[in-house]
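Take a look at this one; I'll ask things after.
Note that the chains are named A, B, C and D in the order they appear, and that numbering of residues resets to 1 at the start of each chain.
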Amino acid sequence: MSQIQSITLKHLSLPTHTFVPSKFKIPLNRNFSLTPRFTFSSSLSVKCYHPNLVQPKPFPPLPQRPPFAELPQQRVYVGYSVYTKKGMLTVIPRPPEFESKSSGAFKVSKEGYVVLQFAPSVGADEPIYDWNHKQTFSLSVSEMGTLIILGARDSWEFSHETVKLKSSKIDVRKVLKVEPLLDATGHLFSLRVLKKPANMEGIQKSIFLPVTRADLEVLRSLFNYIMPYLLGWNAFGNSIKPEVYSQVNSTNPRYGADNEWNR
Amino acid sequence: MSQIQSITLKHLSLPTHTFVPSKFKIPLNRNFSLTPRFTFSSSLSVKCYHPNLVQPKPFPPLPQRPPFAELPQQRVYVGYSVYTKKGMLTVIPRPPEFESKSSGAFKVSKEGYVVLQFAPSVGADEPIYDWNHKQTFSLSVSEMGTLIILGARDSWEFSHETVKLKSSKIDVRKVLKVEPLLDATGHLFSLRVLKKPANMEGIQKSIFLPVTRADLEVLRSLFNYIMPYLLGWNAFGNSIKPEVYSQVNSTNPRYGADNEWNR
Amino acid sequence: MSQIQSITLKHLSLPTHTFVPSKFKIPLNRNFSLTPRFTFSSSLSVKCYHPNLVQPKPFPPLPQRPPFAELPQQRVYVGYSVYTKKGMLTVIPRPPEFESKSSGAFKVSKEGYVVLQFAPSVGADEPIYDWNHKQTFSLSVSEMGTLIILGARDSWEFSHETVKLKSSKIDVRKVLKVEPLLDATGHLFSLRVLKKPANMEGIQKSIFLPVTRADLEVLRSLFNYIMPYLLGWNAFGNSIKPEVYSQVNSTNPRYGADNEWNR
Amino acid sequence: MSQIQSITLKHLSLPTHTFVPSKFKIPLNRNFSLTPRFTFSSSLSVKCYHPNLVQPKPFPPLPQRPPFAELPQQRVYVGYSVYTKKGMLTVIPRPPEFESKSSGAFKVSKEGYVVLQFAPSVGADEPIYDWNHKQTFSLSVSEMGTLIILGARDSWEFSHETVKLKSSKIDVRKVLKVEPLLDATGHLFSLRVLKKPANMEGIQKSIFLPVTRADLEVLRSLFNYIMPYLLGWNAFGNSIKPEVYSQVNSTNPRYGADNEWNR
């Protein structure tokens, strides 16, 4: 199969983990910077990206760290990527953690979240995503709620301050700003990361990339889908089976004591 | 791993059931009362809660009552918590109940619901959640619908009047009021509980806490997710399998008799 | 457990199928006609319905017809009921049907739908639902879409014309009208059914009942949930498993030939 | 069972794959061009389609190509069809593809999508759908996001340029335009396909059909449902089980290293 391609995605580093499908192509309208509407009679300017070997690479200092919630028991790596000339944004869900009680029941011990991975483009004419300079920002469930309700003209700023291992003594400050694009076609995501070792000047890195309204809507839909999973509610929901919750009231009169319209 | 913490959540009572993960930390923007937006160049005022052993305790008079729909067959405790300086709100789903018919089929005998648990903060500078003075309010599916459609400027009042066991003869009246915050950042949840023993003065307790628009959106998403489960529709949905509903029409001509465009 | 009850639902007929839980009580705010907001200090006027033996009865002429999609293979009866002084509305999903192909695969042979059951109230002071005069109206998936997008001030009219078995030669015409309530608290559902035997005058029966905005929102949520099931998309979705759809492209080059950005 | 039918769908070709149920009938209000509201007392003009043997036929040149993501492992064919006098639109989901890693884990290697199938009507008085002149247009997940956010007065144009196998050397250009209908009852979908063999004049085919607001809402609901599946997120979600993600932190300290509020 052949493919008309006018933009080919290249990568500066050889990735070790393949996330973006090697044959993934994006139709014209996914690229915010191209004219979104044109008449059919005119010459079509469709440009399809063909990201040869688009493979996100984890941080070089931690090559053994899995980029996509890699766990021994986990078997599926998923995400959603937004490709722009400025850079590439990939959203990856991370599962919650559970702990078992002495009764044999489980409870959520840590909520899941999503990781936003930002890779800048260093290409002049074509997007070339540089995974060696990837930056990440994690969103909690509540922060996902903020993105979901973000109106077309709303802005928001998420701020995280973290400290890595004590031995490293590096302050890491991250600010993710989401602002409407001037042409109202979506929002600009700008991530600034300041790493400041003790008693040293900090190094600030920034990355900006536009996200179209359509892709933001996909993120909303994915967030709505995954939030109950990140909180373990799917495990609760799956436990609702007629044969399990049948005739409980009679055998366990204490159950439902806080149902205020059935006492 | 170390953690910068400026606010540590403490609890007045030793809880017996752990719900909030022991290592749960909240980023700055989950706290409604902090400035939501600040510039990156200024000194970051990020404050991370570190709720050491944040463990909701059930009502003292009923220590044996399970706080999270604890049933012999149930294995997963889930919820969603909103942490504020005023107090903490945890939303917990309760499963429906089914009963079996002589035909072997099941039907819903009692709808599920969600319980809102309010714990006040008794801390001066830092939130210290007092689970000994927890108050609860249950929402039916229809009441969840009310919260889902609540607009940014809408208010609503839910009222429940219940009577406990005849032996106790205590009237319990609860009113949950949800009103827009003055700064339009969300809604104020105020719960008033009046317990009135027969022939005695009633005792009224109140608890107020603000819920940001983002957290209200998370609740909306969770309610949308869980409502079909609370009504048993997931059990119905799961029963829709091609091998089960194949060629039914020919073998059971009565089926579908109320399909008005296929008679 | 005791219960303050000021309104007790009674039924004119002894039902044979139990759908509404026998201990189901409705809090005040589910009743559209009561004052939705009152101050806590005033005397609470909470009225809880206690529908003793609220059991929908199928049409008398067809006692053997199952009221809730009763099939030999089906095991779970679900629905959602709205209780008003004027009457009671119960929404019940009906599954799709599949047929198997010679290849062993299945396809949807008939879409599922939902049935709206209207039972009038014949009580003077209290709602007494008369299932002997129940009327039904079925909504297709597309009609469910119409209800989902219905704005607070929108009206819509659904019309079905059906003919029963040729032997009966009875024209049945049904019109369901959904209009905003004057007080803007929801919509009025009015169902008119005209049964006209051949060469005879028709008999028209009508039933009106108000549905609050909250309950309409619950219906929207349920419709959004169940529509993919009614179309069999859940069966398709459940078939998406990594081990099934892995490396298909290489072994079956024909697959995906209509993926227009991957040729 | 008999059925009053005033419009019968006929087909010019004998289809080999049955998608539309053979007994599918559409109530009046699914047809955009009929008067949506009329009074009950007036003569009802309900017209029910009875598409006898409505069976989409694949492209004649590729009779062996399966029309509905037919794979050896796949067992369920689903879709959603909109029937109009101008033509018929069927939306069919296509699954993603996965590839296994050496670790035994899976990752998405190709995103799923939906196919829009347009069949024109060649009937004068009644719709007769001509599957020999079917046209298709595929929507990526991001393009589905565009349709989801499309406002009642918004227009959008999707453009795809593809080249088939090198041997055929045929340029295929497709433009799908979605515009509000003049009477504001929905959107007009117009698909133009230009096939241009090398060094030859191109042949352009067009098909137009209106989609009511209700059916567009059904598509939105289906897209919201299926998008996580098309991206494999359901496989990730299904892997979230308490017994799998229990106490992971202690055994695998690397996990969750990018959770910025828990370091």
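In this section, a residue touches a chain if its C-beta (ideal position, glycine included) is under 8 Å from a C-beta of that chain, and two chains touch if they have at least 3 such contacts.
Here's who's who by UniProt: A, B, C, D = Single-stranded DNA-binding protein WHY1, chloroplastic.
All values derive from a computational prediction rather than experimental measurement.
Residues touching across the subunit A and subunit D pair largely diverge in numbering: under half of the numbers involved belong to both copies.
Rotating subunit A by 90 degrees superposes its CA atoms on those of subunit B, with the angle stated to the nearest 5.
As a whole-number value, the distance joining the C-alpha centres of subunit B and subunit C reads 27 Å.
A separation of 38 Å divides the Cα centre of subunit B from that of subunit D. Among the residues of subunit B, those in touch with two or more other chains are 1-3, 23-24, 26-27, 48, 75-76, 97-98, 106, 109-110, 140, 160, 162-164, 224, 232, 235, 242, 260-263. By the touch rule above, subunit D contacts subunit A in their complex via residues 97-98, 103-111, 140-146, 148-149, 155-163, 165-166, 173, 175, 177, 192, 194, 223-224, 227-228, 231-233, 235-237, 239-249, 252, 254-263. Subunit B contributes residues 1-3, 23-27, 48, 75-76, 242, 260-263 to its touches with subunit D in the complex. Subunit B contributes residues 1-4, 18-19, 21-24, 26-30, 36-38, 40, 44, 46, 48, 62, 64-66, 68-80, 82, 93-100, 106, 109-110, 112-113, 115, 136-138, 140, 160, 162-164, 174, 212-218, 221-222, 224-226, 229, 232, 234-235 to its touches with subunit A in the complex.
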